[in-house]
Structures are given as C-alpha cells and as structure tokens.
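Shared between the two complexes below is subunit A, which pairs with subunit B and subunit C, respectively.
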Partner chain A sequence: MLGSFKNVLRRILRVFNKKKIIQLGFYGPVNAGKTTLANKIAKDWLGKELGNVSEIPHETRQVQKIENVEVSTGSGKLSMNIVDMPGIATQVDYKRFMGFGMDDEEAKTRAKEATKGVIEAIKWLDNVDAVLVVMDSTVDPYTQVNVTIIGNLEARGIPMIIIANKIDIKGSKPDAIESAFPQHLVVPISAATGKNLDELYKAIENYLT
Partner chain B sequence: MDLQLDFVSSETLESKTKIEKINFIIGKIKENVILILEETLDPIEEAELIETTMREIDTENFHGIEFYRIDHESTLRDKIAGYISGRKTGLTIVGPTRLIEAIKRGPDYISMFAKLDIPKSKKKK
Partner chain C sequence: MPHKCTKCGKVYQENDERILRGCECGNRMFFYFRKLTHEEAEKIERDSNAKKVKSESLSRVINDIEKDAIWNIKAGDGIYEIDLDSLMSREPLIVEGDEGEYLVSLSSLFELKKGLKKYIDIIKK
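So, the complex of A and B:
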C-alpha cells in the first residue's frame, strides 16, 4: 500500500519536477552488454571508459557511476548520470568461472562478489530516475530475469526503454524482444559498433526526461 | 537422486507474511525440493526472492535458483477481483539450479529441464 502511494507520488513529482540531470540506470541480465554500452557513451562524450568488459560472466560486480555526461541529440542537450549495474542473475556457480581459466580461490572470490553485486543492483532500484533495460538480441528474451526486472520497474513507476543490443551479430532478433515486451519501447542498437546510438539518445530525450 | 516436487496451495501461502513466504521457498529449495506454487509472486517479491537467494548462496552446496512465473490469462473483471482479494492467480515453478537446468516458454507450453543423476545402465531402458 505504502509502495503504491510512493509510486503515485513519484509520478506526480515527475510531471512537476523535470530533472535537469537524470540518474539513468543500466539494468539487465549478465553479459547483455550493459558496460559495453556505458563505455561507448562515456567514451564518445567524455573521452573515457567506465569499466572493464569481458566474456566471463559477472565482469561488473559493483555499481559503476559516471556523472554529468552531456549528449547532443540534435534538438538539444541531454544531461545524465550513468549508473551501470551488475547483471541480475538467479544463480552464481563458482565452477562456471573455472571454465575461464580461474583457479578455485579466484573463482570463489568472484562468485562471492557477484552475489553482492546482484543485491546492490536490486537495492539501487530505489535510486534511479529512469532505466535502460539492456537485453542480448541473440538469445531468447522471455526469461524470468527480464520479466522480473521489467515488473519491478513497472511496479515502482520508473520509466524505461528496452535496448535490443548486439544487432551487429548475425542471427540477432530484436523483433523477438519487441514481441516479448510489446508494452514498452524497444530500441535496437549495437553497443559494440555504435549502430543506432543516435536513435537511442533521441528516445532517452523523448521518453525518459 | 530422487526428485521431489511439492505443490503448495494458495491457502498455505496466504497465511504467511512476505518474509515468511520467501524463507519458506528458500528453505524448501535448499532441501532440493522443486516447488509449484498455486499463485504468482509479485515483481517485488520476485526481487526479494533473488536477493535472499544471493545471500544464501554458498560455494559448495547452494548455487541459486531457477524460477518461472506463469500468469493466468484473465479478463479485466477477474483482474479487478484479484486486485480486491489480493489473490494472484497463476503458478510459480521454483527450484534449485542443481536440479533445474532451465525453464523455457514454448508457443503453447512451458518446459522444465531437470538434471537427474540417472546411472547409465538405467538410461538405456
């Protein structure tokens, strides 16, 4: 009940109090390309990257923040703080990391950090103004993790854009993401090549600010 | 390994607070039981379930969960009735990752892929 009241209040305040700088959270499952996208935006507009990217799951295990990113959208300027979240997962098995050449101790440490990262990302849901939900368009989008992330944003009244990432990869199916979540705006991009990022900036300006 | 599936009625779940419900689910899963709940968890409960799972993961015995919410397709009237009564119609499948490999949605069905340590001689039968 209190949560519903807070959501209504948040929506009303958003109408009257358009923020000049939005706190933009990057959410999604593990290995969807959140940090690649955050890096691409930060590199293009600030000349520096935010964090490491890797094919090893749970490379981002702490919330990473970069402030005052100003992006020109053609019709104006967009100011945002980018908050790159660890990927959301329902399981963390240290043995999976050992398949990437880590020894037992390294893998266990990474697993422990990964679980803390997931908790931190969930806690941060209360501190973001808007969210980009980054999904990998080469895999089935109808997963419980994606459904839970979107359900939580809807329940909290946080505006979102779904990013269908990795469209540069052969066999990617951004339309499958659109079919899975027809109630939300889906922007197909490639964070790796920068394809369609201009469309993304316009969408952020139009839908999230 | 024996496979235990427990069906839990909505009445049983209704009598529990949110925290009790999450602890009940995690407790059962850590005993290697797959649960089929006669209700859906709401998104906030799902996030709490993930958060609690992350706190409970230990490197040797418990690596996490797989779960899937199956919403009951209902009319607007049913939805309003559900909202008033607080009852969330549908099902939730939830279990430990050491047993559930994946849960996937097909066009007309949901498939659960379970891992069973069946000896090779039995597999041939």
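So, the complex of A and C:
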C-alpha cells in the first residue's frame, strides 16, 4: 500500500517537475533478452555494456543499473536510468544448470542466487517509474510469469511497454504477444541486431515519459 | 513433520519421543504442521480449543505462518518454488527451506504485515 502510494506520488511529482530522467526497469522471464537489450542501448549511447549475456538461464542474478543514458529520438532527447532485472521465474531448479557443464555445487549456488534475484527484482518495482516487459517472441506468451508480471504492474499502476524481442529469429511471432496482451502497446524488436530500436525509443518517449 | 501440542502449543520435532509419550503438560493430542488454508487453520484451532500462545515463541510464529498460508518460496535441495503472485502482491517474505528451516524477512513484515512485525528476523528450528 505504502509502496503503491509512493509510486503514484513519484509520478505526480515527475509530471509537475517536468522531470525528464525516468527510472526504467527491464522485467520479464529468463532468457527473454533483457540484458541483451540493456547492453545494446548502453553500448549504442554510452559505449559500454551493462552485464554478461549467456544462453544459460539466470545469467543475470543481481539488479544492474546504468544511469543517465541519453538517447536522441529525432524529436528530442530521452534521458533514462536503465535498471536491468534478474529474470522472473516460478521455479528455479539447479538440475537445469547442470546441463551446461556445472557441477552440483555450482548449480545449487546459482539456483539460490537466481531465487534471490527474483525477490530483488520484485522489490525494485517500488523504485521504477516505468517498465519494459521483455518477452521472447519465439515462445508462447501465455505463461504464468508473463501474466503475473503484467497483472501486477497494472494493479500497481506502473506504465509499461511490452517488448516482443528476438524478431530476427525465424519463427518469431510478435503477433501472438499482441493478441495475448491487447490492452498494452507491444513493440517488436531485435535486441541482438538493433532492429526497430528507434521505434522503441519513440514509444518510450510517447508512452512512458 | 513437527508436532504441536493441542493444549499448550509446545512444538516437538518429528522424532521426539514426547510425541509418543505425551506433552510435558500432560496432554496427549498433537497436530502436525502442513500448509493450511485460512479456513482449515481456523477449524483446527476451534476443534482443538488450542490456547493462543502469548509469547513471541517459535511455535507462535510458525503457527501464524501456517495459518496465514503466506509462503512465498519453498526450497528443497537446490530447487525453489516461487509464488510470484504473493511476492508481487507485497505479501511478507516467508521462505520454507530444507528440513523445516523457516526464513522470515523482518523488513517485509514491518512494511507489510503489522500483525507479525514483532517477530524475529530469521527463525531456524
């Protein structure tokens, strides 16, 4: 309740102060491409990357933040703090990591860290102005994780844009994401190639600032 | 599973011989812990006429946790089941670990659950 009130108050103050820097959280299931997107934006506009990217699930297990990213949108400048969150999951099983060459102990440590990461990511919801929900457009969007994230963001009144990522991969279906969440703006992009990122920046400027 | 005396509320571990011999208070009836719905917990309390434990004891904490069924995470040897909805709905952070270890985040209780705020930060049994 208190967090929700603080969120609303922060947004009201932002409107009156004409605050231009937004705290933008990247949320979504594991391996959706959140860190790839954060890295792409950071590299394009700051010349440096934020975090490691890997095919192994839960590569990002701590919240990573990069401040004062300034992006030219054509009509102006967009200033944001990017907060890349650990992937959200309903189950973390160490056995899944063992297929990537980890031993028992390493895999269990990773599972524990990943679970803590989920908690941290959710706690950070009280500190973001807006959210990009990053989804993998090559997989079915009707998942408990996606539905729970979207539902809770709606309940908290946090503005969001849904990213249909990985459109460079054959078989991607951004339309399926649009059909699943018709009440929200869905922007198809490829974080890996940078395709449609200009559209994303415009969408952030128009819908989230 | 741990057993709790229906009369005085004392908690005994799974292999404690007191479960067979009866509680220190003389009572011989126990109920064991499992995740209960609110209704189930209330019914058990009514039926057993269990006294409320006044102290900030472990049994009270566990009892309240069970009664409120506010688990966020269940852990078992490297496998974690996460109740996303309760976490995102700002339920207090309660973790059930291996072998009956319970972790309770005091900060989350302070912020979110007034009735439980007095309890200790990390509870192990």
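Please note the rule applied: the second predicted complex is superposed on the first by the 191 of 209 C-alpha atoms of A that agree within 3 Å, B and C clash if a C-alpha of one lies under 4 Å from a C-alpha of the other, contacts with A are read in each partner's own complex, and residues count from 1 in each chain.
Methods note: a contact is a pair of C-beta atoms (placed from the backbone, for glycine too) under 8 Å apart; a residue touches a chain by one contact, two chains touch by 3 or more.
Model, not experiment: these values are computed from the prediction.
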| item | value |
| --- | --- |
| Clash-or-fit label for the pair subunit B, subunit C on subunit A | clash |
| First (subunit B), second (subunit C), both or neither touched by A:Lys108 | both |
| First, second, both or neither for A:Asn152, with subunit B first and subunit C second | both |
| Touched partner set for A:Ile119, first subunit B, second subunit C, both or neither | both |
| First (subunit B), second (subunit C), both or neither touched by A:Ile177 | neither |
| Which superposed partner A:Ile88 touches (first subunit B, second subunit C, both, neither) | both |
| First, second, both or neither for A:Leu37, with subunit B first and subunit C second | neither |
| Clashing subunit C stretch [against subunit B; choices 8-16, 44-52 or 62-70] | 62-70 |
| Residues of subunit A at both interfaces, subunit B in one complex, subunit C in the other | 3, 88-94, 108, 111-112, 115, 118-119, 122, 125, 144, 148, 152, 155 |
| Subunit C - residues contacting subunit A, complex | 72-73, 75, 77-85, 87-90, 93, 111 |
| Subunit C-facing residues of subunit A, complex | 1-3, 88-95, 104, 107-108, 111-112, 114-115, 118-119, 122, 125, 144-145, 148-149, 152, 155 |
| Footprint of subunit B on subunit A - complex, ascending | 3, 88-94, 108, 111-112, 115-116, 118-119, 122, 125, 140, 142, 144, 147-148, 151-152, 154-155 |
| In the complex, subunit B residues that touch subunit A | 42-44, 46-47, 50-51, 53-55, 57, 59, 63-69, 97, 103-105 |
